[in-house]
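What follows is subunit A paired twice: with subunit B in the first complex and subunit C in the second.
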Partner chain A sequence: MSLAIDVVKRSGKRPTESFDLDKLLRSVLAACLSVRTPEGEANDTARKVTGAVVIWLDTKPAVTSHDIRRITSTHLSRFHPEAAYFYQHHKHII
Partner chain B sequence: MSKNKFDFDLIVIGSGAGGSAAATIAAREGKRVAIVEADTFGGTSPNWGDVPIKSLLHAAHLFDEARHGSRFGLRTNTIGYNYPTLRAWKDLAVKRTGAGGNRKYYENEGVTTIHGSAHFLSPHEISVNRRNYSAASFLVASGSSPIIPAVQGLEDSDYDTPRTILEAIKPPKSLYIVGGGTTAVELAQLMATFGTKVYIAEIASRLLPGYDSEAGELLEKLLADQGVTTITQTRTLAVEKENIAHRVTYSRGGSEHSLRVDAVLIAAGSTPNVDIGLENAGVAYTAAGIEVNDFLQTTVKHIYAAGDVLGRHSYTHTALLESRIAASNLLSKNKLTPDYTATPKVVFTYPSIASVGLSEDDCLRRDLNIKKAFAPLGIIARSNTSDYRDGFVKIITDKKGVVIGATVMAPGAGELIHELTLAVKYEITAAELAATPHAFLTWSEAIRVAAAKLA
Partner chain C sequence: MGNFDTASSFAIILLAALTHASFQLSISVLTLLSGHALGRKTAHLRLLRLSGGFMLGAGVMTILMVSFVAYLLQMLLPATTPAIIWAAYSGGVIGVGVSVWLFYWRREPGTTLWIPRSFARHLADRAKATKNSAETFGLGLTSIIGELLFTFAPIAISALVLIRLSPEEQLLGILLYAGVSLLPLLVVGLLIGGGHKLSDIQRWREANKRFLQFVAGGGLIILGVFVYVQQVVVTAMSVTGGYQ
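Let's look at the complex of A and B:
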C-alpha cells in the first residue's frame, strides 16, 4: 500500500519514491524474525510499529528515508529493543 | 547571504515572536525571505496565549473590583457578565494587535508566506505541502507545544489545554488544573472570577516554583479567598470520563484521592517543537531544545534558531530579542549575543507578580553572599487610598549593594518591575534607588522603602 508521502532516498535521488507501507512492514518483520522472535509476535510488533510511523507521517507529506529509519527504530526499541538494534545496524552486522 | 541557486535567501520556520521580527528585518534589507507557518500566522502569543488570556483577565479584574465596590459606596448588587460578549472582546483584542493571523502583513512586507508544516530534507532544503523550497540560510523558530503528562485515561478524556479552554462557550462549573505555573494560575484566577470552582494540582511544594517563595505562598492564599483549592506536592494519576464530567485521581502525601469535576485543564508547561527533520540538516538538538552558540547559530552555520524552540525561556519579549539578534547575525559580520541578565517575567494575576534577575533560590544555589529586603505593600500610603494591602517588593543585592534580583507582587507589578530591571541591567545600587525620588501615593514607593532598607 502506498501513502501520498514522498520519500527522498539516502543518496538524495530525485524524483522521490512514494512511501511504501508494505516495504516498511516487511523490513520490521525481517528485523524481528532475525532475532528469533516467534512469527506471531513479530507480526504483531511490526504492525504496531508501522502504525506508529504512519501516525507520525500524518503531517509530513515529504520525508527522507533516514527519517523513516529513525522513527521506526525509536518505536521498535519500545516494543522490541533487540530487533531495534538489529534494524539500526543490520548493514554493519552482515 | 544572497545566492541565486536557492529559492530564497532566508526561510524562517515559524511566524511567532521568534520568527516574525527576523523575517521583517531581512525583507526590509532587500533579502528574498519566506516564512512558513504550520498553524495560525502570528504564533501562540497573539492568537491563543498572552493576548487573549490577558484581555480576559483584564475584564475579569474589572468584574471582580466592581463586585467588591460596595465598601467604597458603589451599588453593585446587579452586576453580572455575558460570556459570549467576553469572548467577543477577547477576539477583538486579538484582532487589534495586528499580530494574530497576520499573513497579509508579511505579504505587504515582501515576505513570501507558506502555510504548512516544514520538514528539512537536507541542510538547504525543506518540504512544505509536498513542495520543496531551498534557501541560503534558515531561522528555526518553530515554537513549542503543551506538555501532555502521562496520566492514565487522559487521552480519551476530552481534556482542555490553555488554547481550547479560551474557546469554551461558558466557564465550566468545576475545573481541575494540572500544573501550577504562570498560565495555570492566570487561568485559575480567570475561571474562579467567573464562578468556576477551581482545583490546582502542582507537583512542587508551592505555586509558581520559578519565583521567590513569598510570591507563590501569598498567591495561594489570595486564590483561596476566591475559592481556588491549591493541592501542592500532588501527582495526577488518572482521569476518567464520568458521563459529561471527569473523575480525577491524584496522589498526595502517600495516599490516593479522587474528585469529580466538569473539566480538566492541562497547563504543565511546553516542550520545544523539534520534530522538523533537523537530523536531515545535521542540526544538533535534544528534547529540551535546539543547541545554539552565543550567536544563536546551530551546529550548522547557516541555520539559526530563536524563541521557545531553544527551550530556555518562553517569554514573547525574549523570543523577539532573539529574533532581532538572529536577523542581525544573519545579515552582518559583527555578531551579537543576547543578554538575558535583566529579563523581566510577569504573571498577570491580580495582584500581578513580576521578577527580574536572580531569585533567592538562585542565589542559594550559587552560594552567593547576598543582602535582601522586603517591603510589604501595607506600609505604603497608596495601600490606604486603594484599600489594598496584599503584596510586597523584595530586593536582593550583592555584598556591595548592587541590585541583582527583585520580585514585586502588587497591582501593576508588570510596570513597576522595569525600574528594577534597569537597576539589574546597569548595576545600580540599592542606595542609588533609595535616593531616587518616588512619587507619593504610587505603588513604586514600596521599591524605595525596600531599597532604603539595603542602603
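Let's look at the complex of A and C:
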C-alpha cells in the first residue's frame, strides 16, 4: 500500500520514492523476528508501530527516509525495546 | 631456527592467533547475516547451515592465508632468517599494534570498523542477500580478506616462525593458529545456534569494543617487542660475546 507522500532518500543522490507502508511493516517485522520475537507478537508490534508512523505522516507531503527511520525507532522503543535496538543499530554493525 | 625453540615458536603462534581472534570483522558479518536470516523467518536448521558455511569459509581462508605467506617466505628467505628481517617484522607488528589502538573502530556509535566503506557496504549487502550455505562460505572467505589490513601482521609473524619448524610442526602450527583465531567466531555461532538474542550479543560487543581494541593492539605490541628482543637483541649479544 502506497500513501501519497514522497520519501527523500538519505544521501539525496537517489530519486525520491512514494511512501510504501508494506516496506516499513516488513522492516519492523524483520527487526522483531531478528531478536527472536514469536511471530504473532512480531506481527502485532509491526502493525502498532506502522500505525503510529502513519498518524505522524498524516499531514506531511514529503519526508526524508532518515525521519521515517527515527520516528519508527521511537515508536518501536515503546513497544519492543530489544527490536528497537537492533533496528537502530543494524546499519552500524560492520 | 635462530633463538626460538619449538615451545617458544608455538607460544608466538598462540599469541598471534589470540591477537587475530580479537579482530571483529567476521563476527560483525556473522551477526548481520544471522539477523537477516532470522528476519526472513529462516528455519533453525537452515540458520545453522548458513552460520556453519560462513565459519567454514573463514577457517579455510585463514589456513590458506597462513600457508600462502609461509610458503612465500620460505621461497624468498635464506635458510637462516637475517636479523634485519626480524627487526623489520617486529617494527611492522608494533606499528600495526599502535594503528589498531588509534584507528580500529570508527568514531560513531555501534561497531563500525575502520575498513573501506565501499567494502563494508559490499559485505553488508552480501550478508543481506545470501540465502544458501555456498554463498555464506564465500562470504566467510571474503570477510577474512576484508580485515587483512590488520590481521596481516599476526599472520605474517606466525608464518615467519612456522617456516623454521619441521613439516609436522608446521601443520600443527597452522591448525593451532586457525583454531584459536576462529574461537570467538565459533562461540558467537554457537550462541546464535543456541537461541541467544542477537541484540544481546551486539550489545556486549558494543559495550566491550574498546577493551577488544586494547587487547588486539596490546597483543601485537607485546608480540613485536618479544620477537625483537629474542631475535635481534639476544642474537646480537650472543655474536658480540655479551650474552653466553
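We adopt the following convention: the second predicted complex is superposed on the first by the 90 of 94 C-alpha atoms of A that agree within 3 Å, B and C clash if a C-alpha of one lies under 4 Å from a C-alpha of the other, contacts with A are read in each partner's own complex, and residues count from 1 in each chain.
Everything that follows uses one rule, which is that a residue touches a chain if its C-beta (ideal position, glycine included) is under 8 Å from a C-beta of that chain, and two chains touch if they have at least 3 such contacts.
What you see is a predicted model; the values in this text were computed from it and never measured.
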item	value
Simultaneous placement of subunit C and subunit B on subunit A, clash or fit	fit
Which superposed partner A:Val49 touches (first subunit B, second subunit C, both, neither)	neither
Which superposed partner A:Leu24 touches (first subunit B, second subunit C, both, neither)	neither
A:Leu76 touches, of subunit B and subunit C: first, second, both or neither?	neither
Partner chain(s) touched by A:Ser34 [first = subunit B, second = subunit C, both, neither]	second
Per-residue touch tally on subunit A - higher for subunit B or for subunit C	C
Degrees between the directions from subunit A toward subunit B and toward subunit C, using C-alpha centres, nearest 10	120
Where subunit B and subunit C come nearest after superposition, their Cα distance in Å	16
Residues on subunit A engaged by subunit C in the complex (per definition of touch)	29-31, 33-36, 39, 82-83, 85-86, 89-94
Residues of subunit A touching subunit B in the complex	4, 6, 8, 12, 59-64, 66-67, 70
Subunit C residues touching subunit A - in the complex, by the definition given at the top	25, 28-29, 31-32, 35-36, 38-41, 108-113, 115, 120, 123-124, 127, 195, 197-199, 202-203, 206
Parts of subunit B lying in touch with subunit A, wherever the complex brings them together	38, 117, 119, 121-122, 127, 129-130, 132, 277, 279-280
